[in-house]
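Pasting in a structure now, in structure tokens, and then I'll have a few things to ask.
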Amino acid sequence: MTDTTKAVPGLEALKHRRSQVWDELLAQSRFVRTVQQGEVTKALYALYLIETYHYTRHNARNQALVGVRCDDDRHYQKFCFNHAEEEVGHEQMALHDVASMGLQPGFPIPRALPATEVLIAYLYWVSYQGNPLQRLGYSFWAESCYDYIRPLLGKVQKTLGLTPAQMTFFVAHSDIDAEHSQAVDEMIAKKCKTPEDWEDVAQVMETSLRLTWRMMDEVSDAYAQLVDGRSERAAFLKAL
Amino acid sequence: MTDTTKAVPGLEALKHRRSQVWDELLAQSRFVRTVQQGEVTKALYALYLIETYHYTRHNARNQALVGVRCDDDRHYQKFCFNHAEEEVGHEQMALHDVASMGLQPGFPIPRALPATEVLIAYLYWVSYQGNPLQRLGYSFWAESCYDYIRPLLGKVQKTLGLTPAQMTFFVAHSDIDAEHSQAVDEMIAKKCKTPEDWEDVAQVMETSLRLTWRMMDEVSDAYAQLVDGRSERAAFLKAL
Amino acid sequence: MTDTTKAVPGLEALKHRRSQVWDELLAQSRFVRTVQQGEVTKALYALYLIETYHYTRHNARNQALVGVRCDDDRHYQKFCFNHAEEEVGHEQMALHDVASMGLQPGFPIPRALPATEVLIAYLYWVSYQGNPLQRLGYSFWAESCYDYIRPLLGKVQKTLGLTPAQMTFFVAHSDIDAEHSQAVDEMIAKKCKTPEDWEDVAQVMETSLRLTWRMMDEVSDAYAQLVDGRSERAAFLKAL
Amino acid sequence: MTDTTKAVPGLEALKHRRSQVWDELLAQSRFVRTVQQGEVTKALYALYLIETYHYTRHNARNQALVGVRCDDDRHYQKFCFNHAEEEVGHEQMALHDVASMGLQPGFPIPRALPATEVLIAYLYWVSYQGNPLQRLGYSFWAESCYDYIRPLLGKVQKTLGLTPAQMTFFVAHSDIDAEHSQAVDEMIAKKCKTPEDWEDVAQVMETSLRLTWRMMDEVSDAYAQLVDGRSERAAFLKAL
């Protein structure tokens, strides 16, 4: 954090609200609790990574859509296309990490869960209409999430005995995203001019984080159904 | 040209067809003839730059749209977003060059001519539907156009007594685009696999170049109407 | 229900699943419970109608989008455009009903709640991509919802002492929609050919109904905040 | 024409401009001249109908797109969806008429000519951006074209010895469109409020008619290439 952005009260308020939602999520998510209690399994983690794959596949594309329609702000437009370029292909790391736990690459990828589809739908919605700045609200929590989920990742790694080479999605992102996060903070601080801008960014931040929370818990439900034999979805993961 | 691309017969055929269309254009365009005969005026050149501004404004955006929908080819997707980022704001150079001939920045920009709108419409069309590779056909001639129009630019510069600092759009682009042109050639050579791919690229190359030709000649018509007093469009340019 | 559609096992299964989700919703929704217990107020009902206004505004548009992209099935395409035309302006009835409880037409409409935005986002998503048939899953429950919510509407009417002329949104729709519902059932029965078609329709049916449930409960939360003085959103409704 | 619309000076000016462009087209189009001189062949007429098929296929869809984005004018929105519904499938009549001259239904449809693609691209462009009213400019000439092309159709029918049942596209449309044309005139008269509205409609009217003219002449060129053996495109039509 530079002095420039630290001084911005809107940004501080936004960070405060981000922490509040994370605190709720970390305290209440069933998926998080399973991880915290050291009860995560390879199949559960794989189910989570598969949903991560699904929504991550769209991130470069919906990021670019913002650039396509903000032709009156070249600085922000460049940021959108640049960021889109950097996001291309990141979903492959999630698939790699699944495979690294004992599957052949090219395993059949189950369809996204409904909660994941809803998250994807929402991220496109905030990208193709409304305040072009609002998608920064998603980046605002997503690019800085390692500050909040690092302990969870450590717990997953320890519980499952994974090497860093088996956690490329999160290892790579925690490095890339530190830099992105700084750029996102600066962009928000620079571009948000009106109370409406700040509220639009805040609303997308909160809503997209809550939808991610639902996705996590739907992963837990899908896992329970898999274990109970109530569902054949991704049954091949039971072999992990 | 590297050895890699030189060896590709499809690319050579495409270059041949490009040269044929350029030869037609250079021989038959009324706008080109006026330039060749040393009869270009500042107002005519400004009218041309204004149309250039209009369609160039959309280039980053329609380029990015291709990336948004080609999610099965990460290499090409990255190229699209990268190229989109580089194109952002180039239209401002065209406006700068108009102003540099004696107008205040912020002068009223006339609405695009119909032929320019048609070109813009077509570039979006080839970007948002059909073969995602086809937009490379536009880049194929646009990024290498300096090989064909350099003599014309020299003639404009000489006739109007312009300095290079008054021709930033073309000077900057001829440098940037040499590199782009090489990248476009390589991408076409690498990605076009079927006769349909090659034909799709060729068709967009030819059609978009012919639409640009029409735009040039509509600039000539607009200029004639301005000089004859038949139109008040961009009348402020008569002061140049 | 005609004999034609009655005979279709896929349709019967879909109806069964619809009933299950409605049963869950009617048993668990906090908003529904408030209505059932005769505790609905004009302000709460108005808050609900305002969200109804928000998502209904988009129904004609996302319905038409399906038609725009299903150019290989003229029968379904005609249905989409026809249905879109019939949906135009229905949101105005929701506003009318709010006003009829004691507000001037033209009252300031508060921004949609996040859950409503998510529902809207999802309805566009299922309309502009994926299986074009899938949006029928939304119509499947939405056009027949009166079978499930009639008792609730009766309760609202009684608790608040409303005349039918103050409940135009629901009265008008229950008539229009009986016919629509039949047409939707027939379309689903006719067009769904593969297990994937049936599953796509079922998934959208269930997900969009669950998102509507969340919207209802977010209305309850917004009402609680209004009553508690924790929020100034739509504070003018307290005067009702 | 009702008294209502007759009284509108903007509409009269628009009709005048329409007549001027038609006069140019009828006097200068190479395709028109061939028809007028009684030199049309079945293959040439078939080539024209095939291009008609190509752009007509998109008319319902781009018409509906206008409705999707004009959510602030319910009257016009309804018109768009209604008109879209009526346009669905009309392109099949063009194919029917080709087949009726001696081909099996299901004959291979050649790819659209570049000029046709440009027309299609432009009609989408005016539909998805800019003044939502502007697409009325296309309907303004297209729905009333029979006033101008009736003699040509008569000439085609006589030269080729066709029955009305072999000219369904034009026979059906001349009936349907008389009604549409009246509705379009009224809509333009009612909705165009500012000089910009009128100019937007006029510009689209003129540009889309000129692009259609180019399409006609490109059909003539394609026919010449077919006859000369310079092209194998649609070579099966030589058997007609």
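To keep things simple, chains are lettered A, B, C and D as they appear, and every chain counts its residues starting from 1.
Note that a residue touches a chain if its C-beta (ideal position, glycine included) is under 8 Å from a C-beta of that chain, and two chains touch if they have at least 3 such contacts.
Chain by chain, the UniProt names read as follows: A, B, C, D = Iron-containing redox enzyme family protein.
From a predicted model like this one, the values you see are computed outputs, not experimental measurements.
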Report summary line: Relative to chain B, the most remote chain by C-alpha centroid is chain C
**Report entry** Size of the rotation, in steps of 5 degrees, that lays the CA trace of chain B over chain D
**Finding:** 180
Query raised in the report: With chain centres defined as C-alpha means, what is the inter-centre distance between chain B and chain D in Å?
Result: 30
Requested in this report: Mind checking the centre-to-centre distance between chain A and chain B? Centres are C-alpha means, answer in whole Å.
Outcome: 39
Query - Mean-CA-position distance for chain D and chain A (Å) - result: 49
Query raised in the report: Can you list the chain B residues in contact with two or more other chains?
Result: none
Report summary line: The chain pairs that touch are A-B, A-C, B-D, C-D
Query raised in the report: Which part of chain B faces chain A closely enough to touch in the complex?
Result: 57, 60-61, 64-65, 67-69, 71, 74, 77-78, 81-82, 84-85, 88-89, 92
Report summary line: Per the touch rule above, chain A residues touching chain C in the complex are 114, 117-118, 120-122, 124-126, 203, 206-207, 210-211
